[in-house]
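Right, one structure below, let's go through it.
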Amino acid sequence: MSDQGIKSRPKYAPLELDPAGRHHLLLVEGPALPAEALAEGFEPAAFETWTVVNRSALLPVQVVDAQGESVRPFRAKGHLFSALEERLARETMGLRLYATGSEPFLWDVARIADAAGMSRQEIRLAQAGSKARRVFCVHCRTYGEGVTTSIFTCGGCGASLFVRDHFSRRHAAYMGVQVDAEVPGAVPDAEELYA
Amino acid sequence: MIASGPIPVRIHEIEQLSPTLKRFAFAPLHGGALPTPSAGAHVLVTLRHEGRVMKNAYSLVSPPESRERYEIIVRHVAQSRGGSRFLHQSVARGDVIEIGVPGNLFPLASKARKHLLIAGGIGITPLLSYVPALKARGARFELHQLCTADEAPVFEKLLAPHAAGEDIFIHGNGRAAFDLAGILARQPLGTHVYTCGPRALMDAVITSAAALGWPAGKIHRESFGDASGGLPFKAVLAKSGIEVQVADNQTLLEALEAQGIAAPCLCRGGACGECKLEVLDGEVEHRDDFLSAAEKASQKFIMPCVSRARTAQVVLDF
Amino acid sequence: MTLQFKPNETFRRDFTYRNSSAAILHFPFPFPEDQYMYSVNIEPHVKGGASPAYDHVFDVDEHYVAECRERAQVLAEDPKRCQVLPHMMAAQWDTLELLMENLAADYPAHFSLTKAGDLWTWINRPLGLHQSFTFGKAETLPCPPFEYITRQAQGDFTLQDQREDNLYVDGGMVTTQADWSFEFDIGMSFHEWHGPVPLAHEKGVFDRALKYLLRLQYGAPVRRLNWTMTINPRLDTSPENYPVWGPDKASVTPENVGQKVHLRVELQTLYRLPRSNAILFGIRCYLASLEEVARVPKWGKRLHRVLRDLHPDIEAYKGLPRFRQMAVDYLAPLDDGAELSKGIQSELTAL
């Protein structure tokens, strides 16, 4: 992956249990824990795990499986987010929140946690799966989802946006800036960078 | 407010709260308004007595909107270094003393969803400025004051103006019947805890909270910061042969300037690197953020705006 | 001191903004030396010093009325240029108090503030405003307190919340910025906010600056100068409007470079606020064309040397490649190579 040398781009580390926490909630943007997101010696049984299975015919009920892992499946991300908001509202101090999945998912979780009063010291995030980016058009404020190329066309204002490595945790998105603003029409070829 | 040196104040009022506690109110000597104080702020009070100069930090107990008066509460302690004894025994209404601009190393956390306040004894003082500020912001809080049985009425009286309908609890049996862990364990997500009082109590709060999974950023203890001074020492300027005495309450840079020496400087806070001088002899106590660890270890440089000599003398290539 | 305002100046379309001779001498020229590199160039913000722009806590000059009007226009087009996160309410009142008290004390002919307990009355004569309100009660002002007072000040302002040994940019009024987006950056930590700046991270500049600012004391503000270059006297060079002002960069020619290319200086001031313990960051923008800068011989020569020898990464970050060489060629004949004194002072008393 290219590096534009911009320091706001998050760095992620494989997930490990934070021993300082009293209880541990792990959110997975998928049906199963991705091995790439886990540090060596990771013990899933120490966590209460929520997953996203993208299926309608299920109830979000916590089940303890044969390995002693406690898993609660959700139909979709939005389904999980609403349960998370409700859960955090009645949580007590000592919770640690962990999330793994795509970058937009991670920072959507972080924003919900922030609104519930959690600080960055209480959250751990590990990117896994697609490196596709959410991009915020700085000119018209339209979000572009699943962007995999260095330049793409804004769905809002039609500008050819360069995907800058400048990342906003609040928007859970990279900044998109018109690439041909100085000389209209001079748009370089897009490169596939964030597959 | 832009400060221009210490503020002369007149002792406007002295109230005996208990056999060992007195409240002092200060009013600006030349009228006008004092700097806006903040909840949790302290002032450095300069006391001059029998040729000695003492600088003691005291939390302001007056509410943040009070700019006509500052109030502090001082306990007279037997092993006093002199400041509290002097204030209790030698200061009278109408006397003039000097105070510094309020500083705050114990501020309220703006994003807290709840504030848990735990004080012991006279450690209540910063919380007395917190409570009206929290009430004005409509913030949720819970206050626990630990004290001896005989002082409980004193603290009840101090908190009474704010107490109606609030979660304010006074524990007159000290820590014996105080369920610290239980209180910490049931706090909602987003709570910040603040503690002030005897070191043993503050340590217990910090340790218990950490053990219950509270992150360090949500645990706050009262601090007046490190005194900027240290032991006096002598700086010898090798190029000119000038010797400069650096007093305990003065930086090396200030001592050079007091001698009329135009030493380079910019930020005056150990960050920019402008004032760096080479050390030829003597050992440096580094307090800056500019020099690298290797440069500090080499003992070849000093940042005179913040750092001091650890030896009685340093020789500078200046 | 009474200022002669130039209320009809514009910062867009016909760009009628110009500096008087007095305003040129008032310009805070940013280069104390012939070379430029990032550093922690912070110093106490005390009155007086190398530039007349330091003579007041908040500098007001002949462009005041026109700049306030331009700000109102930007806000009408894009209200999100002013945002303050909800936990910063105390910092909003701190800002209002700091600005009102200092403007009234420094410019009594133009501003006045009277207080009867919580009831404050503010008079802003240049803008024709007379407002009584209750301090601490936002509903007694026509808009929130931070927006109210920063609509009446030159330069941008941001509010930094201090927590977990970091500073977060949790509020701001940003309409005269040098190509950074407040709507995108709001909520960022100190290092994230400065993420795009090249070279300085590696030099440890932001680590040291952050440590220094975390210790910033109430009553003891600090300042630094920063700079870039802007085509035409345009205040709003926001990323939001880059498609509007970007084409200007291709309009510079050797014939118009002296009038079109402006040195853009930010007098940045930082204040610890009392109630909130937040930091107010003032980013006061000054613009002067190359032609205007060069009326001070020392500044023209020094600017030539700085631009000629500028690090390519800084040139690229500041967006100068399309016209830097033309600016150097314009200034070169004015530079006799004479040694120049250290410092930013003009060394002139009149032009």
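As written, the chains take the letters A, B and C, and residue 1 is the first residue of each chain.
By our rule, contacts are C-beta pairs under 8 Å (C-beta built on N, C-alpha and C of every residue); 3 or more make two chains touch, one makes a residue touch a chain.
What you are looking at is a predicted structure, and each value in this text was computed from that prediction instead of being measured.
The chain pair with the larger count of C-beta pairs in contact, out of A-C and B-C, is B-C. Most remote from chain B, judged by the distance between CA-atom centroids, is A. Inter-chain centre distance (chain A to chain B, centres taken as mean C-alpha positions): 42 Å. Once the centre of each chain is set as its mean CA position, chain A and chain C turn out to be 36 Å apart.
In whole angstrom, the spacing between the mean C-alpha positions of chain B and chain C is 34. For chain B, residues that reach two or more other chains under the stated contact definition are 111, 217. Looking at chain C, one finds that residues 163-164 touch two or more other chains. Residue positions of chain A with contacts to 2 or more other chains are 119, 121. Across the complex, chain C meets chain A through its residues 163-164, 181, 183-188, 191-196, 198, 201, 239-243, 246-247, 249-250, 322.
Within the complex formed with chain B, the residues of chain A that make contact are 20-23, 88, 90-96, 116-119, 121-122.
Chain contact summary for the complex, chain A toward chain C: residues 5-9, 119-121, 136, 138-139, 141, 159, 164-171, 175, 177-178, 181-184. Across the interface of their complex, chain B is touched by residues 39-45, 57, 87-91, 94, 97-98, 101-102, 118, 136, 161-165, 207-209, 211-212, 215, 217-222, 274-278 of chain C. Within the complex formed with chain A, the chain B residues making contact are 111-113, 184-191, 209-210, 212-218.
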